[in-house]
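Can you read through this structure? Questions will come right after.
Chain naming follows the written order as A, B and C, and within any one chain the residues start at number 1.
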């Protein structure tokens, strides 16, 4: 990528700045939050926005700002784990089926299509009912639900690449299949994959929030953005700010990654 | 081609909007026939067979559909219902019931002695692993002596047995009692829609004083915050058990009645696990807790402090003085802990069912109070289902905050579970003196003597610090000002038949 | 025809795999239906007797076989918690989910097509830029948060509807549809934003093609070129998206139901999962899955009709 091109790419710049700020804040939250996110202060029940509590307090008098920081961290960890599972297995399946084709391709892609036909939230719901709720189970459930979409992308990239000259010359030089797949072809799929990862990341953030909102994701007292929203919904009347901040955080996170992904596509 | 379709769609959406907006303007239809919509927090995800229903939320609704030979009043007395008279003989061993003339089931058929025997036998049947009503294991026989007389003979004399005769009488001919409830109560079943509503209407052939309101809809309001909006928007007229905050919000426009929930809320301790097998540790926890502070935080000071497993609705058995067994005293608590070998405190887990906010809130405050004596408590929220299987059935827990209610108006209903062999003794409490006092209470046929022994049981629970007793939760009922006549019961029921329109 | 057959076969296999999976899953998780059926009255003996009665002690595959056989005969079984036929519950709730999803779909088209076309026609203009920015933001809003915002703004501030004041279609169809007005909007908004983005870029790239210039040179008006030729071609990628969006919205309605207190399939599904009421869970999942798969098939067919380049094998 050259610098001039990037400077013209408004989406990429805006996305980087937004994501950068959010990640910095969340990173800072790992080391310091103004309050312990789980400590309750009965006297601060539903305290409004003030210098003391930047985003006010919830129904237990917990500091919302601190909880948003630690909640975003949870949400990001879940999203990252989900995408990691999706990408690793997606690359494996996509590479094998795309490169070799044949019966393996037919069988795996049928399964893949079948899973893909299912809305990922429903699929994740099923896995959760198998595994029980909790942070790590959500990662596994969403991760599995995300594999097919990555597998599809990787497969089509591998099919496109496998007959290209550079692959042929590598073969002539005696490179093994795995070497060709993962050392030669894989790096060439990176641009497409990276953009897919960004989108996957967004979908994972939204899916985690949705599941925690339904009460089957991250369990209390752990904060997560979706969980906070579902708790806040009960107090929408008395404390609308409680719902607003976690919601805005989700929007900003997703917006940042969305812009980045758009920017990458334009490269 | 696209444009025609788009215009049509646009028209459709606009119509929808008009309907949506119109729908809010005039919500109440003509009130020629009296009706009320009552919000309930949980659906009746349960059998509608009164003998098989297990959830408190189901039972409190079914109360309006079914009656036993006798039924409870709001004062806690028992009055004849399907039976017009009863007689107790042989010191509480034989109960003779005379059936009331002209009592009909909702399907129009008359109540016969066979129906009564069928209902009682069904609940005493042990072929399904145990009787549906555990106390019925004491029944020796149910015999029909003539068309109007049923005699219940017990294996052991029990002067409190009448309280279990509130067990619903159902027709032997009903093939689907699970989904088609037929009883003799003032209301009869109309329909239900899962997660949506449960509809009943007045039973016009009711033998006694008929209900005032014709149509009653129980609407499921699963979302706690929509309750206030629903009440204010007029889509529900009544909601029992609103929170203190909601009660304050509603008090201008609604009648907010205050009663008690009639349950014993406590931090129930598993007496079989370390360190709660040591009475000093349990007492230390009691000294650390201040029930008044809990009530102040979670319900603006409303509620009734409790010192043992008995609540005030029981009148003669309730001992207010037990509330003073432990006054909050951190030094004393630390001393006791040090004696017990925990000078630096310890940490334990409080398991709380996640579906009930007051218990969760209480647990949060308890954590803070225990921190004062160096004890670290961690809250673990579990689904009601897991609570039932792990805590209640498998007794695999350290401590839990719940409310225990009484299934009938007997002292035994609250106290039996703490005898060392009781199957529902989920805290594994075991105390020979307690077992003896309870056995004496059961055996005595004299009311004063019985009361004395029950009080002894309560005192033992308090001084032995079986649990950290907290309170009987306050109950707030929000009622639309167009209605009146709500009555609180010492049991977990909602009596709708007494409600009426102000204009009536 | 062979193509359709293949599709249907895939669909059946998918359903089979999913139901088997769910069934097995339910037998591995802790807690069984008996616990919630007996509640605090449970004793080991009664629990065992009930398990025997319900056939829960049989091997899992036998139970699955029994369920599948019943299902194929049209018997979805009996709910453990409600003790009523599952089919009754589904018939009661399915119209709610379908109506809401269809309304959301209509919303999406109503919003996306005019706005998308306008933005494309006026590419680079102020309005287009505003639309692009607003669009990007709306895409980032999770539907349930949109629902919460709508509840707050329209329900609480403007009092245009009573949150939680759902009316059943059996009671009053008008009010029922009226209540679904805002929930369906909440589902549709983020999808509409994505559709706008797609349509806009699709139309813009189509407008740059040679045939458009040829059409202009023949003296066709901009309007007629846009509606006669460009739109038809530009719609092809959009249709795929609309199909995917529709199946997403079916699943998304589960969450929105929760926000607006609508007792549809989603609410039933969630409570049945926590009650371990698996006959209901199975039925709801099969329902939603079938809906989604049918939608996918319809999209395939339409796709074939619209785009002559893709022949249906």
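Note that in this section a residue touches a chain if its C-beta (ideal position, glycine included) is under 8 Å from a C-beta of that chain, and two chains touch if they have at least 3 such contacts.
Since the model is a prediction, treat every value here as computed from it, not as a measurement.
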Intersection of the contact lists for subunit B and subunit C: A
Of A-C and A-B, pair with higher C-beta contact tally: A-C
Chain centre separation (subunit B, subunit C; CA means) in Å: 39
Subunit A-subunit B separation of Cα centroids, rounded to whole Å: 45
Length of the line joining the C-alpha centres of subunit A and subunit C, rounded to whole Å: 22
For subunit B, residues that touch 2 or more chains besides their own: 223, 229
Subunit A, residues touching no fewer than two other chains: 233, 236-237
For subunit C, residues contacting two or more additional chains: 30, 156, 258
Subunit C to subunit A touching residues, read off their complex: 10-11, 13-14, 17-18, 21-22, 25-26, 28-30, 136-137, 139-145, 148-149, 151-152, 156, 247-248, 250-252, 254-255, 258-259, 269-270, 273, 281, 285, 288-289, 292-293, 296
Contact set on subunit B toward subunit C in their complex: 2-3, 6, 9-10, 12-13, 16-17, 19-24, 27, 43, 45-48, 54-55, 127-130, 132, 134, 178-179, 193-197, 220-223, 226-227, 229-230, 233-235, 383-386, 388-389, 392-393, 423-424
For the subunit B and subunit A complex, residues of the former touching the latter: 223-225, 228-229, 245, 249, 297, 354, 361, 364-365, 368, 379, 381
Subunit B partner contacts - residues on subunit C that touch it in the complex: 30-31, 35-50, 53, 79, 81-84, 89, 92-93, 103, 106-107, 109-110, 113-114, 155-156, 159-168, 170, 174-175, 177-179, 181-182, 227, 231, 258, 261, 263, 267-268, 271, 274-277
List of subunit A residues in touch with subunit B within their complex: 40, 42, 60, 219-221, 233-238
